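The same subunit A turns up in both complexes below, where it pairs with subunit B and then with subunit C.
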Partner chain A sequence: MTDAVNTDRWIRWLNLVQLVLAGVIIMTPTVWMVLSSFKPSFEVTAYPPTLIFTPTLDNYVELTKTTPFLSYALNSLIVTVGSTALGLLFGIPAAFVVSWTRISWPAILTLAARMAPGTLFLLPWYVMFRQVGMIGSYTALILSHAVITLPIVIWVLLPSFDAIPRSVFEAAQVDGCGVTRILWRIALPLVASGIAVSAILAFVFSWNYFLFALVLSNGDTKTLIAAAFNFIGEGSTQWGALMAAATLIALPPLVLAALVQRWLVSGLTLGAVKG
Partner chain B sequence: MASISIRNLTKRYGNFTVIPDLNLEIADHEFVVFVGPSGCGKSTLLRIIAGLEPISSGDLYIGDTRVNGVQAAQRDIAMVFQDYALYPHMRVYDNMSFALELRGTPKAEIDARVKRAAALLHIEPYLDRKPKELSGGQRQRVAMGRAIVRNPKAFLFDEPLSNLDAKLRGQVRAEIKALSQELKTTMVFVTHDQIEAMTMADRIVVLQSGTIQQYDTPEAVYERPANQFVAGFIGSPAMNFFPVEWRQERAILSQGGTVVPLGEETANGLRHAGRAVLGIRPEHFAVATDAADGITVNVKLVEPLGSDTLIHFDLAGAASIARVDPSLRPKVGDRINLRPQPGKTHLFDAANGQVVR
Partner chain C sequence: MSDTAATLTQDRQKLEMAALSAPAVIFTVAMIAFPVVYTIWLGFQTFSSTGKQSFAGLANYTKLISDVEFWHGLWITIALFVLSLVLQLVFGVWLALVLFHAKRLPGIVRSLFISPFMMPPVVAGMMWLVILDPSLGAANYILQSLGLPPSDWMASPTWVIPTVALIDSWQWTPYVTLIVLGGLQSLPPSVYEAAQIDGASAFKTFQRITLPLLLPTIVTAAILRSVDLLRFFDIIYITTQGGPGNASNTLNIYGFRVGFEFFNIGYASALMLTLTAIVFGAVLAFNRLRGAVAW
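Take a look at the complex of A and B:
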């Protein structure tokens, strides 16, 4: 009895230690980034790093003065929302059909596309988009980012659709529903939390994606993350402004994740256990 | 309301044939039960009628219409599923009204029909609840309600009682039977439980390996089984079987050589056949006072059921059961004389299991 209690206590301690370790590893760069964004320029790269300093908003002021930060943010928003919407538009029916027909190769194909390095697509896309005069357009960026959002939507939603008992769909068929109506009236309401989770993940991944925007955007359509790259110069890097930009870029995904974290966890484990 | 006609139907999954060649006529207003062991094809057949499984070859008619290529949605069939398959996100009312809404039925009529069905099934207090807030029995009623509001050509039931406890099963069984008499609609009910089949059906289809073994009234299936499979499947406890031979103008158990007193009809059958399998239901043994009138057996196990008592014994190498009057108060180790009731025994061909008449 006492042994069991002791073992239990040990396990709880070990869990706590693990969590603290993981938290430190994950949070250190983020905390460092946020703190640095409030440091005076000369202190950002000081060695050893200063932990006590007078916070300043200079980096943020410089960022907004020297760059059209808000328009970049708007570009990011347009591309991210557009590609997320596109991912949902095609990903939801795709996931449903894969679950319905149990023909999985299309889903595997999208996963392979997601796994492949972005550079693999970049050159052909650049050539294609240039030929049709779309380089620097939102459309090109949204279409390219759909490669990121579509697989996420499909693979997050697949277990959600799979978790719906087959007989529910069959009952709907017998009741008079065709496949489209089954998707719309029966399946979609049942995977609502899965859709929310997939939308958030697609948003975050698209928002953070750097490579396509770097090559396919122009000065007017540059996304935040590609614009932030401009602060890294060959001779000197504006670390303070870069940290301020990085902090602002990281803010929407972090806020989004924090707001829906409980939903996110339950959504990701949907279908793991049939209710 | 419609008849259902299945002609030369086959169903294959790849190279595996589930239903080889099946013909079946279900009359309008008839309550037919498909019964058989797991894997006999009964659920597949039901799903074919519903339009949830395609036909490999043959024809299926609902009423006068050939429905081979007709989608489930267009067949005007209602189905109650084993797991009820209620729409989890809809209230009970919406579950029941959904099919009517899809057909563009006016709201007032939907309301009237849902409320009428709810009253019939005693589920009025639950109309605003979600399925997860209901018990198994209530969900089962909602599933039936969803079917009956539609006034379909036929009702299909796929083992709808198997998830209920024994008491509720008996209650719902009686309710479905009463409902069928009230609605007067063609009903097809699938079960592996022969008691459900016997108590509810106008006619029973006994299936084995996708083949109809017998299609007849419950009484006929019980009293005149077409073959040894049907005889063994229908009836609880199952019929006892003993290989027998006709020797020296007497029926003798092939193993052990015990003489079995048989009625005239069965004796004549055996005389012609020479050897066969004798089938005796547990309830068709009578207890004989005189050892010369019966077969003496050693009681191995006693199961008092209250209304009857089951005694287990070995005869001719087969574990056998007899149902006796509880006043007999048999005990393990007792020697009892059992005599097959004349006219209640069955003979089956030893080679193909078909009944010997």
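Take a look at the complex of A and C:
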């Protein structure tokens, strides 16, 4: 009996040790990035690396002074908010119709597009947008990023719409409610939390997306992610400013994800797992 | 009378459905279906240095077969795919088991675990570039303090692919963990109880009961990761741009450079269509595997 209790306790300890080890491996690089961003310039590249230092905001000040960081951030915000809004505007009614009619090809087509390598679309887009003089425009960037957001919205919302009992809709139909009114008045309030999760996931993945802005933006419309490339190019010894940029770029998605982490899991796996 | 009214409502209902789904369908056709058809057409074209285009038949595809850089890119893509997928599945399942036995998981811990894959891959690349710097990076300092030889990491043609696989695995193993954890939590507890009564050891229980029951979930995770791994781009482009030399020139990086650095749109189209076929082939193969291990 005591043997069993001892083994049990021992296993629990072993489990805790593994948990802490995994946590340390996962967290250390991020912590190192944030720490480096607050180091004085001579200490960022110190070897051996230092752990104790007087924190300073110099790197952040330098970043905003020497690069148009804030206008890049504004570009990112415009493209991300625009493409998330477009994804919701097109995706919510589409998900509702797919859930209602069980005609799933529009949903599957958007998912297939999500799986194809981005360069596949980028080549024809580049040729097309260049012909109409839209390279470098916010419109082109928002449209391209909506290809990321639309399938996220549709696939996160599908299970939410599916979960509404059919009888609710049928009762409304008997009362003479049209489909659009049912969506607007009855279904939307019921899937409000699903819409919030889909909007946040769409925002995060649009914010994080690199490839399209790399080609479709210009100096005035460059997003933070596409500009990150320039920060690296500006001299490998500017590690402090580089890490300050990395920290600031990662902040919005991390904060948003932390706010809704409990509901994120099922959304992230496109319904593969009931979280 | 009431029949006509019913048909009228039904027609109206169909019309409303069409109107509601129209924006998404039109957008998808304009931004995805039409461009893909256009890419297929571009794949049969060749562009001269003056920008004049002409029909090239299968020339872009025959060029593919004799292009050493294509086969190198395919090899790099597959090596990176296999290495990363194995790392992420093995460590993902291990971590899921650890978390599963920790029972109650505070929200803050969950937030920490999802933080790597919620940050942009570009940022992951930037941070690891600094940590793995061959001369001043913290990673080599740690290695040397442990009495191990330092590595050139991404500056070494030999180690660049394993290093990129490590970075991607740091970022996405927690994602596999969350999927597998969901699978573990949905398994019926009665199975474990029966195994316990039979006196099965922890390892036997895992090998004979948990793992087979988890296989469909693990294959699902493999599908979701494969799609990203086969078209690997962000971390490599931000850190090495395919280098040193061409040591990390994956097919996606190669196709991008052919298209947007050398502006050979026709050949780049053929390259990207080939890569797309590889991605969908892998998804279909894994899907069949999932069918085979379903219970």
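As a working rule, the second predicted complex is superposed on the first by the 220 of 275 C-alpha atoms of A that agree within 3 Å, B and C clash if a C-alpha of one lies under 4 Å from a C-alpha of the other, contacts with A are read in each partner's own complex, and residues count from 1 in each chain.
As a working rule, a contact is a pair of C-beta atoms (placed from the backbone, for glycine too) under 8 Å apart; a residue touches a chain by one contact, two chains touch by 3 or more.
The shown structure was predicted, so the numbers you read here are calculated from the model rather than taken from an experiment.
By the touch criterion defined above, A:Val79 reaches neither subunit B nor subunit C.
Legend: residue contacts after superposition of the two complexes on their common chain; A:Gly178 is shown touching both subunit B and subunit C. Using the contact criterion defined above for the overlaid structures, shared-chain residue A:Ala241 touches neither subunit B nor subunit C, since it reaches no partner.
By the touch criterion stated above, A:Ala140 is placed in contact with neither subunit B nor subunit C.
Between subunit B and subunit C, the partner in contact with more residues of subunit A is C. When the two complexes are overlaid on their common chain A, residue A:Leu109 makes contact with subunit C while staying clear of subunit B. Contacts of A:Leu190 after superposition on the shared chain: subunit B is touched, whereas subunit C is not.
By the touch criterion stated above, A:Val168 is placed in contact with subunit B alone, subunit C being left untouched. In the superposition on chain A, contact of A:Ile200 is made with neither subunit B nor subunit C. Comparing the two interfaces of subunit A, the one with subunit B and the one with subunit C have residues 178 in common.
In the complex of the two chains, the subunit B residues touching subunit A come out as 50-52, 71-75, 77-79, 81-83, 85-89, 98-99, 102-103, 146, 150. Contacts from subunit C toward subunit A in the complex involve residues 12-13, 16-17, 19-21, 23-25, 27-28, 31-36, 38-39, 42, 94-95, 98-99, 101-102, 107, 109-116, 118-124, 126-131, 133, 135-136, 138, 141, 170, 174-175, 178-179, 182-183, 186, 202, 217, 220, 224, 227, 230-231, 233-234, 237-238, 252, 255-256, 259-260, 265, 268-269, 272-273, 275-276, 279-280, 283.
If you check the complex, the residues on subunit A that touch subunit B are 165, 167-168, 170-178, 181, 185-186, 189-190.
Subunit A makes touch with subunit C in their complex at residues 11-12, 15-16, 18-19, 22-23, 25-27, 29-30, 32-33, 36, 45, 47-49, 89-91, 93-94, 96-98, 100-101, 106, 109-110, 112-113, 115-128, 143-144, 146-147, 150, 154, 178-180, 183, 204, 207-208, 210-211, 214-215, 225, 228-229, 231-232, 236, 239, 242-243, 245-246, 249-250, 253-254, 256-258, 261-262, 264-266, 268-270, 272-275.
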